[in-house]
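Note that the chains take the letters A, B, C and D in the order they are written out, and that residue 1 is the start of every chain.
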Amino acid sequence: MTAGVLVVAGALLGLGGAIAGALLPKGWRVRAATALIWAACGCEAAAAIHVLAIDRPIVLRSTELLPFTGVTLVLNSLGAFFVLLVVMVAVPATLYGIGYASHGLDTRTAACVFPLFVTTLLLVPTAGSVATFMALWELMALTSLLLVLVDHSASEASRSAGTWYAVLTHVGAATILVAFLILAAHSGGQTFAAIAVHARHLASGVRALVFMLALVGFGSKAGAVPFHVWLPKAHPEAPSPVSALMSGAMVALGVYGIVLVGDDLLGGGPVWWWLVVLVLGGASALFGSLHAASSTDLKRLLAYSTTDNIGLVLLAVGAAGLYDATRHPLLAALSLVSALVLLFNHAAFKGALFLSAGSVQVATGSRDLDRLGGLLRRMPQTGALFLVAAAAISALPPLNGFIGEWLLFQSLLHGAVIGSTAADIAIPLAVAALALTAGLTVVAFVKAVGIGFLGRPRSESADEATEVPRTMRLAVGLLVAVCVVLGVAPTLIFPAVERAVKTALPGLGTRILAHGVDLQVVGLRGMLAPAALAGSLAGAVVGIMVLRRALSRQPTPRVVEAWGCGRQLQTARMQYTATSFAEPVQRVFDDVLRPVQDLDVTHVAESRYVIESVTFANTVDDAIERSLYTPVIRAVRRWGQVARRLQPGSVHRYLAYGLGALVILLVAVAVMG
Amino acid sequence: MSTISHVIGTGISSAVQVAVVAVGGPVLVGVMRKVRCRLEGRVGPPVLQPLVDIRKLFRKQRFRPDQATWIFTLAPVMLVATVVVAAAITPLVTTHPALRASSDLFVLVYLLLVGSTLLALAGLDAGTAFGGMGSSRAVTIGALAEPALLVTILALSTTAHSSNLPAIVSAILAHPESVATPQRLFALGALLIVIVAESGRLPVDNPATHLELTMVHEAMILEYAGPDLALVTVGEAMRLTLLLGIFVNLVAPWGVATSTSVSGVVVGLASVVAKVAVVGVFLAVFEVFIAKVRLFRVPELLAGAFVLALLGVVSGLVAK
Amino acid sequence: MGSLQLRHVDAGSCNGCEIEIASVFGPVYDAERFGTRLVASPRHADGVLVTGPVTRNMAVPLKKTVEATPQPRVVIAVGDCAHDCGVFRGGYGVVGSVNDVVPVDVSIPGCPPHPTAIIEALRGITRR
Amino acid sequence: MSASTYTNVLGLAAAAVLLCAVVTLWRRSLGAIVRTLAVQGAALACVATVIGLHEHDVGLIVVGLLVLGAKAVVVPLLIGRVVRHDPNSRETDPLVNVPASLVAAGALTFLAFAATRSVTSLVPTTAGRLIPIGLAAMLVGFFALVTRRKAVSQIVGILLVDNGVALVAFLATAGVPLLVELGASLDVLLAVIVLRVLAIQMRSRLGSFDLDQLTELHD
């Protein structure tokens, strides 16, 4: 029962943070709220670790808190894993928030809503009933929406982002609600425990409907294609700590929802459900990575890269369901392990990347890569941390991103030989999607690091950038440390991951991965010794450095002007920009990206052989937004025009509508009665 | 075999592998240049010329462009270090190298990716025009090669039920009748194309070009001098040799030692050197007759490799 | 065995010397067999092969190229123009001979020099 | 012939037929495309002969030799002469660009595999299991037919489809009746000759093999 107290205490501390943020004076509110949020994180983390250790869920019920339904909190191992994931991002993000506060997070509203947002993130995985879940889910959506709009006065973009996010998140919430209501209606109860018992016996059509609705709803939160359009709008506009939490943690909760409904409540489904998930995953991974590779806005790049990573996670989730449906429990478990590891890793490096992007924005006032450059020399620590996080997301060994992709590849590799037609066809294509995604991610992040942090500064503000406050660097450093540690010793989180997977896919007796320093997939031939690999790589690097020093006559290089083909003048404008760097990729994939290029040449009045100025614009719009959402919006708007005729502005007319409706209703009652 | 002597044996085998790749790499480049020159009607430089060039480069000045950072200094080291680790764990001479557990095709691909990624960053580091151009092209080609590469690995791994290289090689040795299946031939064809693309040889990139606008790999390293350039040169040569070494042992692994005994290692060494030399000469002859393709035709080549790999996977499924 | 990588700079030549240099590295004379090779960057080079009188626009690039070549290095002036501006002496766009701009180590006379003369000079440097 | 050698050789020959179909999508030069077609004919002949040798079916061996003569020599020579009228003609701008065509070929191969999954289980012979490859070769040929602009590529496309059908027939029934095969081959030969005449006519009237120009005849 003590663990239950911890969960409640965490929630109360989080609320306390919100109240502190709302009531305390400006100099105090952010620090106090942050301290309380840390305490809340501590409580929830302790409860989660307790649950994972005893491998038994904590159940809390209160009938008084919410009218009619009461509140049910159930923290099982799957939820506990996600709580730990949220804590892992929330602590650094709030720490970062202290230094970042003066950029919009220290207003009374923001200081109140931010702790509330973190608290809902912590509590969503502990929800044990439909009502509780939906209440927390909506609160999470609402608070994050408010935080996206913190800067609303500053720009039109942020207002537009808010609108997009609000619409998509509420459409998503509506579909989730319908899915849950169908389940609850057929289960005679609205707790997840009751639903899980009854949902397995529903008609297959109903089950499929529920799963697809949930997939749409949670997919829109997770940023999967084609529901991702809010992501590249909202994430760049939100303050960086909020972006980090949204991209690292909130998006992961979307995947939590899919696993919760698909595996936990419905207990798995037929092959075609999971093929849909695989297709969504593959499309998200490819689409996200392509757009990440061609974006020039640093935070937009990161947002698209979130879609790409979630795509990989959905590939793993889909593969897990596929294996489960074809009775390969071990492979299913391995796939789900890789999904959770990928999510955890993503939370770590994406958090670090968004926070560093925030530091760049603080230092230079810009997140346009074409206006950055040379930041590694000016902000050595932020730059180095960004570089490591970028290497991690590019899946370079010996960092954590590599471990996740290795696990995913192993699960796909072993799935390619199980002999089911669906797997035979889906798996090679999934491998191809994984591979192209990995390659394009490297393009995107070589661009982000190389254009943003190396070379010459492309603007005055980038030239004058200075390092950000220590707390901000420390926050990024914490997340980067997670990346490094989990790359060298990934087995540290495997006990927790395994417990979580066994909750989602019960009935698996054996272990999935042999523990110890090395990684080994039990029962399959897949091995990896990450620590030894990292050690030997470090050894080789040191050895070759020593060798270079010993062999060369000049120990340190002479600093000279870059040769650059002997040009008389070398300026920043001669460098490749983010746009030109991405040009080959854009050209190869122009059927998908459909870039709009605009070349405008102005000639001088005297002769058209002499050019006065040349303007070149290259924009890559979101093709899905353009071809899927724009027509819908246009149709809605047209309908709205029609509907406007009903609204002449006269009070009497409105009252007449009310009377009319009442009369029709009564007539209907009379006729039917 | 007792554990300690096994560990020593694997360690020595790995050291032998690293040594043969480190020395053999430049020599292979020399051999390929020689073959090319002879076919062009020239005498050509001596076979050991690349080694002489490298020794000379170590005696020269080191430079760092004023805008460049520690990445510029680290990249050549990382390039060589990743190839060294990869050479140590790959079954080139013996199927029992050190760190056999990590000797996985997937690991190797990503290990080599570390070196090329850092080199691409180094290209952007000096803040010059051509460096960025080279990096941009190199990472694009790398990204497009990736699907072909991983699907190839998938096709090669399914028979052994593992992407562990020693396991794959041992599986071929155990089932010699499966050497020439369509699955493997398709996959190996795809692998060869990818190796050519990844090591910057014709028709993807011309290592001997002087024209900056046609450069891919050369453009990234235009600012390197002296010992750093020596490391880059050695790293690239080692990388080519390692990739060809993996290739030949996947095509025809016979000769590779299945233990770490002295005689086995000697035979394995001789056989891998001979096989790589044959493939290297074949590539050099091939290069004489072809021209570099346009940059935007490279995707066709890599799409071809990808389809070959897919055909390999399907052939494997059909044969099952 | 010698090893000499060269970066070629045309400082304003009439391209006569270029044709001879191309033939030095062609199949007939094949200087590559003596360990000599043209490279794409002075950073990779041990020597700079300069042809032509130094024109105004090429003076700074030439200086930069020589500075960019790591020590130890040689500067080789190929042809009469590189040596003393040849027929271009006194031209309005000519700054001077190569030696006026950068210190020259080896000078190869001739207008244009015969490939064998160039090879002889190169072998003198590599001592092969 | 031992069982494993038979499996290997048959698999390789069938795979070569498919590979040639893919290569025709890959190459641009019409000459190379025709040469690839010849190689495909030879591979197809190899399939028939190998099955004939294995089944001790003399008729099938004869069919194999006829296929070799017709599809690897005569037909390519006939088409080759059309190409020779314009040796530099290339498939410069196909309706679907080359990388996308190649990826589509991969997808079609998977489709062929998925579609024949239930059929192949009914034909438990070594040859029967290779049916998806034949179907894939046919589909790739069809794709070439749809997306290539030049008349010569169109003829080649038809022949690819025909070769794919023939491959499926050999693999599925382990031997088409000699007469049927001969009839089919003759049919195709006739078609080729007619198309060849048409192509040459077209070239002399319109100045190219580009089928898009046929739309100009519309008005």
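In this text, a residue touches a chain if its C-beta (ideal position, glycine included) is under 8 Å from a C-beta of that chain, and two chains touch if they have at least 3 such contacts.
As the structure is a prediction and not an experimental result, all values here were calculated from the model.
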Quiz prompt | Fewest touching-chain hops separating chain B from chain C | solution = 1
Practice problem: Give the label of the chain whose average Cα location is farthest from that of chain D. | Solution: C
Quiz item: What pair of chains has the most C-beta pairs in contact?
Solution: A-B
Exercise. Between chain A and chain C, tell me the centre distance in angstrom, where each centre is the average of that chain's C-alpha atoms.
Key: 58
Self-check item: Rounded Å distance, chain A centre to chain D centre (Cα mean)
Solution: 48
Quiz item: Any idea how many Å lie between the Cα centroids of chain C and chain D?
Solution: 58
Quiz item: chain B to chain D: how many Å between their CA centres?
Solution: 36
Quiz item: Mind pulling the chain B residues that touch 2 or more other chains?
Solution: 59-63, 212, 222-223, 226, 299, 306, 310, 317
Quiz item: Residues of chain A that touch two or more other chains: which are they?
Solution: 424, 428, 560-561, 563, 588
Quiz item: Residues of chain C that touch two or more other chains: which are they?
Solution: 41, 43, 68
Quiz item: Quick one: do these chains touch in a line, a ring, a star, all-to-all (complete), or other?
Solution: other
Quiz prompt | Pairwise chain contacts, counting only pairs that touch as defined | solution = A-B, A-C, A-D, B-C, B-D
Practice problem: Quick one: which bits of chain A touch chain C in the complex? Just the residue numbers, please. | Solution: 560-561, 563, 566-568
Exercise. Please give the residue numbers of chain D that touch chain A in the complex, ascending.
Key: 99-100, 110, 113-114, 117
Quiz item: Contact residues on chain C for chain B in the complex?
Solution: 1-3, 5, 27, 30, 32-35, 37-41, 43-44, 46, 68, 70-72
Quiz item: Within the complex, which stretch of chain B touches chain A?
Solution: 58-69, 71, 73, 77-78, 80-82, 84-85, 88-89, 99, 101-102, 104, 106-107, 110-111, 113-114, 117, 120-121, 123-133, 135-137, 139-140, 142-151, 154, 157-158, 160-164, 167, 212, 222-223, 226-228, 231, 295-296, 299, 306, 310, 313, 317, 320
Quiz prompt | For the chain B and chain C complex, residues of the former touching the latter | solution = 37, 40-46, 48-49, 52-53, 55-56, 59-63, 209-210, 212, 215, 218, 222-226, 229
